[in-house]
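Take a look at the structures listed below.
You will see subunit A twice below: alongside subunit B first, and alongside subunit C after that.
Let's turn to the complex of A and B:
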């Protein structure tokens, strides 16, 4: 997976699909392009030797978040009017500012260059797993309370009262 | 082979959290088992919080920091102090909820379960130097608060407030987590001590600092991240507003003090400049906008913004007296603010929650006890002796004078003078001749009356004899 051709191919597809997310007028199409974007991004992470991040990307983003957007559109489609338009000049401006900012940070902050090498040190899924269940077991347990509360909240807020 | 780095002795460090976690699970099971007797849940809650409170009181001394779970969490006097404040607030909030939920026809027992979860998160927040635990605790706290805010499902305002809070809170959490990630990239550590070792000159360090501060200042409701407060206090059930105005702030303030004193100690001058502006704007915003309020709960919302501003003055002083002053202020604020909200709840009508100040007209003659209590709490919020509000402000401002922040103290005193106008106008309304337009049925609840009585007792006793909690606070801020 060290071939730069694969990297550039995926990067090209990534930019293309993200442009399609922004440019498509229909929210259904936009959300499916978003799924494509997440998948290509996962591929890009794989070429950068980050399999754990890549899998997280697929499970969390294209698996859960994109599906959630589609569900939201499906359930509210009758009532809401989704018109994707306008703001193009502002969008281009914000994107330009953001890109310049990121380039400045990468150029000026040496830590980012060191950070890129951290990926290249082999199987990080195993490393993440081991540290999650040894040194970071306590924070991991706290997430149990967090998820329990979120679950209760979803039930309480969504439950209809009997009339 | 994975070697477990934990021992059984690590659990001694998280006993208060474990007590409340057990309480949470018991509440959940009892809620399932008991169909219609929800009052038993409030009794169990009070017993559980009381146990956690007593544990902190008994184990307050000696002044050491005991670490556990590879240093990710510890127990110390400051943590114990905040644990007392939080559990005390929770007890009073549960007492306020007991008959209120009945009257408003809220039958979901999850109310008490979620409140217990929020208490755990605040206990964690007040006893860690680890930004990962900070983030998880802040998220748990925020999510529980969103849900509690939206518990009035019948009313339009309550779910709307929950939604607003959720959107604002999600932004603040995003800032916090990006800030933590940047700190990790820059210094290779999520521990305060590791961050402190990093070179603070870098651009990334400053950006990370700002982003983490956004997350913390949002929880404190300081300027410019205050705008959610009044709407949420107005929309939420009154006991939840009361709980929210005291307990999360206590946890966030001790976190702020620890973060500023340890993690970013190398840029003390810069953060002091930043906080100076924040404190002044927070005080002025809270007090001047409160002048325009017609609704009692909104007024208390703006007043809580202003009080966060006073406490920021103590943080800014950055000395023992200032930090201890903040802890003492929080302690006094429990009695005063919970009391004020309790009177507000006592005088509210079923369903029609919006307690307009005009509706208070003449209640000083009709309900002498409630009138006197409200007047007393308003005096304490203004900061007039012999109340705990006065003593708290005195400590905060004298700490600022010790640190040579003369202008800040002058601005703070001007703000107290402004605040006297709207607090005392409530008192004037209470003792105005004549009746309110709408005759009202008061919430007749024994536990609610106890809350008002505890509020008065605490405000008065610690206003005259502040030395016991203040000495505890002074000792607590010795080790942060």
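Let's turn to the complex of A and C:
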């Protein structure tokens, strides 16, 4: 489990599949490469001793989000025959800004270190549960309301389309 | 922390099995292409420009699947440590589930789950 060979293999596959997402000319293929990206990322999290996050990645991302993306591509398929290239410079810029932001956040916010420590000791799901139900009760309930609003929005939009 | 090696083995097995299904079906399926078979069949009308209709209710189902998937994600960490989180944790997770169940009832009443 702890061998660096596995980590580097998965990291290599991860970078390869994410490059394929960006470089694919066909949006269908790009979305399926994205599924591969999620799966390899889950494997990478397993090698980093974060099995709860890995299974989350499988269940939510490669399970639900990927289905949503593929359905969105299929629903807009008639209108999606545009050129995918031509946005590369803007994309690289936005990605660079995003990476710098994340690095600054990880550097400055001390809670990330505590979180990493909680992950290193004992069960993952347990660590997430303890921090979720002790320090982050309010965001947790807000998440429920957010999900509820998303559900209402989906139902309203889909029903309006039909009439 | 150990014991997740089995999960890894399961993932590798799944990948091998599914890749094997695709590759074997491609290798074993009988192929007999000829010109008439590969030709486009379009009666009278000009060839359609790749457009097709897909029902929005697939997307609605996908969104609802995602929402309840995320619900699992939040309930599992509670259930692992339910005893230690006590009655407050129970109340919190109950409020969470009740809120999402209200959404389910709304979707059900609105007929979003009906397949017509």
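Structure notes:
FYI, the second predicted complex is superposed on the first by the 105 of 163 C-alpha atoms of A that agree within 3 Å, B and C clash if a C-alpha of one lies under 4 Å from a C-alpha of the other, contacts with A are read in each partner's own complex, and residues count from 1 in each chain.
Everything that follows uses one rule, which is that contacts are C-beta pairs under 8 Å (C-beta built on N, C-alpha and C of every residue); 3 or more make two chains touch, one makes a residue touch a chain.
Please read these numbers as outputs of a predicted model, since none were measured by experiment.
Touch criterion met: A:51 reaches subunit C, while subunit B stays clear of it.
In the superposition on chain A, A:142 contacts subunit B only, with no contact to subunit C.
By the document's definition of touching, of the two partners only subunit C reaches A:43; subunit B does not.
Looking at the shared chain after the overlay, A:89 reaches neither subunit B nor subunit C.
A count of residues in subunit A touched by subunit B and by subunit C gives the higher number to C.
Once the two complexes are laid over each other on the shared chain, residue contacts for A:71 go to subunit C alone; subunit B is not touched. By the touch criterion defined above, A:5 lies against neither subunit B nor subunit C after alignment on the C-alpha atoms of chain A. Judged by the touch definition given at the top, the superposed model places A:105 against subunit B, while subunit C stays out of reach. Overlap of the subunit B and subunit C interfaces on subunit A: residues 130, 133, 137, 143, 145, 148, 150, 152, 155, 157, 159, 161.
Residue ranges of subunit B in contact with subunit A, taken from their complex: 2-6, 21, 24, 69-70, 72-73, 108, 110, 113-114, 117-118, 120-121, 124, 130, 132-133, 136-137, 139-140, 143-144, 146-147, 150-151, 153-154, 159, 162, 185-186, 202-204. Residue ranges of subunit A in contact with subunit C, taken from their complex: 1, 39, 42-43, 46, 49, 51-52, 54-56, 59-60, 63-65, 67-68, 71-72, 74-75, 77-78, 81, 122-123, 125-126, 128-130, 132-133, 137, 140-141, 143-145, 147-148, 150-152, 154-155, 157-159, 161-162.
Across the complex, subunit A is touched by residues 1-2, 4-5, 7-8, 11, 15, 50-52, 54, 56-60, 62-67, 69-74, 76-78, 80-81, 84-85, 88-89, 92-93, 95-96, 99-100, 102-104, 106-107, 110-112 of subunit C. For subunit A in complex with subunit B, the touching residues are 105, 108-109, 111-112, 115, 130, 133-139, 142-143, 145-146, 148-150, 152-153, 155-157, 159, 161.
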